[in-house]
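Inspection log for the structure reproduced underneath, given as structure tokens.
Chain IDs A, B, C and D follow the sequence of writing; residue 1 opens each chain.
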Amino acid sequence: MSRPNPAKVAYASGRRSPLAALSTWVERHVQSLVSSLGKLVRQPFASALTIGVIGLGLALPACLHLVVVNASAVTAGIEKTVQLSVYLKQPMTAEQARKVRQGIDARDDVLDAQLVTPAEGLKEFEEMSGFGEALKALDDNPLPYAITIRPAPLFDSPEAIESLSDELETLPEVEIVQVDTEWVRRLDAILGALEQVVLLAAGLLGLGVVVIVGNTIRLDINGRREEIEVIKLVGGSNAFVRRPFLYSGTWYGLGGGLLAWILVSAAVGFLAGPIEKVASLYASSFRLQGLDPDGILALVAGGALLGWVGSWVTATYHLRRIEPRA
Amino acid sequence: MITFQRVFKRYPNGREALAEVSFDLASGEMAFLTGHSGAGKSTVLKLIALLERPTRGQVIVNNRNTASVGSGAIPAFRRQVGMVFQDHKLLADRPIYDNVALPLVIAGVTRRELDKRVRAALDQVGLLGKETSFPLELSAGEQQRVGIARAVISKPPVLIADEPTGNLDPDLALEVMNLFKRLNDVGVTVMVATHDVHLIDRFGVRRIHIEHGQLAGFPPDVAA
Amino acid sequence: MSRPNPAKVAYASGRRSPLAALSTWVERHVQSLVSSLGKLVRQPFASALTIGVIGLGLALPACLHLVVVNASAVTAGIEKTVQLSVYLKQPMTAEQARKVRQGIDARDDVLDAQLVTPAEGLKEFEEMSGFGEALKALDDNPLPYAITIRPAPLFDSPEAIESLSDELETLPEVEIVQVDTEWVRRLDAILGALEQVVLLAAGLLGLGVVVIVGNTIRLDINGRREEIEVIKLVGGSNAFVRRPFLYSGTWYGLGGGLLAWILVSAAVGFLAGPIEKVASLYASSFRLQGLDPDGILALVAGGALLGWVGSWVTATYHLRRIEPRA
Amino acid sequence: MITFQRVFKRYPNGREALAEVSFDLASGEMAFLTGHSGAGKSTVLKLIALLERPTRGQVIVNNRNTASVGSGAIPAFRRQVGMVFQDHKLLADRPIYDNVALPLVIAGVTRRELDKRVRAALDQVGLLGKETSFPLELSAGEQQRVGIARAVISKPPVLIADEPTGNLDPDLALEVMNLFKRLNDVGVTVMVATHDVHLIDRFGVRRIHIEHGQLAGFPPDVAA
């Protein structure tokens, strides 16, 4: 402190150039990366447990998502827009019927309205019912004029359709109004609810992955408390201590994402057979849809990201609290 | 280099370890810290290494008042203070080599230099050849020497040791003290807490004696 | 070892009566029970993490199960048995038609066959189509005789029905055979597949809970390695060291089960509103079904059991490997 | 009480710690185990406590050949051997009371008796009043004494101690040795590994000296 000691000056030597510092920095990170992976590999059972849990956590929303995607695909083959059939009173001239159609067509809540003449109606009925030849025998067409209506896009909620139907029924020319494709809507409602479940599940399970990784890292930190204390004791900073945990967390997440991909693929493979067999009975060319490349990427990269986030949050929080006790 | 100004230390549990301690250790000086068990020796060393902070008074180390060192700056501060612990504080799951290299790894020294210096440090404490052993495979005395090698490898200007010879046989104890003396000779400020009255007598260095948390005159030796 | 030392004999005293031993045993367990709970409570954040993960893991199959239960309830309201409609060729006398019905009714794979006369068919058609009055105007009933068939219980698989339909179509009196309620079957197929998913998920997640608890306990053991070594050093047996971990694991599982119950109830509460609103539009009195008492019990007790199993397996395995190093 | 018959110990890493050691310590006898650092003292004690098993030869403790003690019987065996460790081996997150009570809790002693005995043991080592402190709140010497209290509380017929006075000041070291002597006087077989030549001189007990893994004659004292 007072007189400069020549021996001492030599002793406390060693400034480093910026380039050397950078190369050391890179070297450190690569080393952490490899050694953290090595640590996971050296504890295969323990790592498998953690990765297994994360994989399950990620696989579940992915599977649910596929359920919805495929169910939507099934119903997509079916005409989905609701349709109203308005049967006009008899007797009615073609002129009158056209006027009624125009009136309905002009409504804001109607996308288009199409007139179905009794002749057209009969033909359609023949095709639909399979009575075929039987009806050809009719002397006279007993069917009334009908108007099929597609509601405007913004007015296809069940409520809007109900009020549209009610209003149309009050028209003097209208005999009866029918709302079609009820079951498709019912199925859609179920799928809609399911989609909500998927969103909820995905949110919860994403959080779950962060929590799982966080928990693992926390317990890992606890298990290496002594080591951390020693490192801090000899001057290791929080960032230095945290680095290996961040790498572990990211590896866990990445591994979990890959596992989830495998699990989902396995589940799809497992279910594809039976489901497609059922579908084929109904002559449907339905094929069970798996994950697309975007989905795979989202799963794997998302897993790694969630792992990193989980370890970052936990390590930052917990490492601050570990102070060396000597 | 190490200055205590009217330092008072009360632990969170209410225990008053240091009443009012003042002393000054110049750069390049060496001192023994003595006192009965529970006198406050370890507390003094903990204050120097910023493992504890004084309740009142100033602790100045290496020209820095420790009160001005924020928690973010503690790691850098500690790298300037080599420490040898009573219970070694080695990483049980890493070989000796890694244990000794740790301060250099933290400081970001390149692989090549690191290797050279680790070997030199192990050589100094007579443990060259044990690099790949694990701490628990060594005897207590050998572990103690690994701790010393780790403390000196980053060439800190200040070295503190808490009863570094408690687990050593007399020959080895003398040897370790000689090592500290040699480091002191090249300019390192050294402070060693010890009970070993015989060693104290052998080395003609300054002695700081604590009794019940206060500096005191030296007691008569208990030795045979 | 040689001469008995009177002081020593007094020193190494203390046999205990069996009753005292029992009371000590009970005392110990009660103490472990309470202290392990106390430990969880003293680390609220850490325990919450673990219990949260387990709760999610248990809530998911429970939710999926409810999806299937409710979807089944929706479709249960609809006539589920497949029905075949056989339209007979024209012209045909009532006598001939009755004979054909008898022939079909006698088949093994037919539960019953019902004759629908043209008059009945017309009435039904009126009701169904909503054409109402319009058809009253018909001079002549153009409809053929029809026979509606319910297949026998063992023959209602899609394959059996297809072959039944094929065979009936070869009869000389038959014009055409129609298989009805196709969409219900399609929905059922989806539900069936979903049920498989639920089973798969429940299995995986039950395993997941064991794994999560096991992993937590493993890391907990790691974090308390020193403590365990010390206890073994002074003569604690594996069983003694394991006891608190078993209690922790069971608490984790129990907590997870309770949390899962809360999560499921919350999800049901969250979705009940929208779903029942949709249902009410279709005048369906559908009510979203939550967990019944049996389900709740299964969830909570199952959670505790899985927790115990997870901790037992892990603790037994890992504690053996921790030997004091001194 | 403790018999070593031609014991050879090689550690898994190939290190040969004991070459061929034979000695016999009668019931109620007391002995110091000495030797340089790394001589094999701790190894001898580890073999007695079944922390290690001999590679060759017999170790007989308390009339039992340790070779006949299966891994399931080790806990019960260890309860017959009180141990004091160099590094205390206390549970950092439990108060002193719980640390000292541990062997009795394991043995399943009732609450009432437990309380009485814990207090008596703490009193013996001069730490009554520190029951609620945690180990890290004590000085090194105080921790050492907690370890001794724990070792003697279950009244084991055999007591072994590995450098129990390494961290103590001379007064306290003497006191602790006197405590061991008192226990020995009521019939406990005591074996203490130590470097403290001055203490050895003071107590007129048997001395077992190891050098390079073998029994040897005593070296000249290094003391001042």
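Just so it is clear, a residue touches a chain if its C-beta (ideal position, glycine included) is under 8 Å from a C-beta of that chain, and two chains touch if they have at least 3 such contacts.
Everything numeric here is computed off the predicted structure, so don't read it as measured data.
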{"item": "For subunit B paired with subunit D, centre-to-centre distance based on mean C-alpha positions, whole Å", "value": "28"}
{"item": "Between subunit C and subunit B, distance of the C-alpha-averaged centres to the nearest whole Å", "value": "64"}
{"item": "Separation of subunit A from subunit C, taking each centre as the mean of its C-alpha atoms, in whole Å", "value": "23"}
{"item": "Approximate Å spacing (C-alpha centroids) for the pair subunit C, subunit D", "value": "59"}
{"item": "In subunit A, residues with contacts to at least two other chains", "value": "226, 325"}
{"item": "Residues of subunit D whose C-beta touches two or more other chains", "value": "42, 92, 162"}
{"item": "Contact graph of the chains (line, ring, star, complete, other)", "value": "ring"}
{"item": "Pairs of chains, among all present, that meet the touch criterion", "value": "A-B, A-C, B-D, C-D"}
{"item": "Parts of subunit A lying in touch with subunit C, wherever the complex brings them together", "value": "46, 49-50, 52-53, 56-57, 59-60, 63-64, 67, 71, 74, 87, 90, 130-135, 137-140, 142-144, 158-159, 162, 175-176, 178, 182-187, 189-190, 192-194, 196-197, 200-201, 204-205, 208, 211-212, 214-216, 218-220, 222-223, 225-226, 263, 267, 270-271, 274-275, 278-279, 281-282, 284"}
{"item": "Touch list for subunit D against partner subunit C, complex", "value": "1, 26-28, 42, 46, 49, 51, 63, 72, 75-79, 83, 85, 89-93, 102-103, 105-111, 150, 154-155, 157, 162, 185-188"}
{"item": "Contacting residues of subunit A [partner subunit B, same complex]", "value": "1-2, 5, 7-9, 11-13, 16, 20-21, 23-25, 27-28, 226-227, 229-238, 240, 323-326"}
{"item": "Residue ranges of subunit B touching subunit D (in the complex, touch as defined)", "value": "11, 13, 15, 35-39, 42, 86-87, 133, 137-142, 162-163, 166-174, 195, 197-198, 201-202, 222-224"}
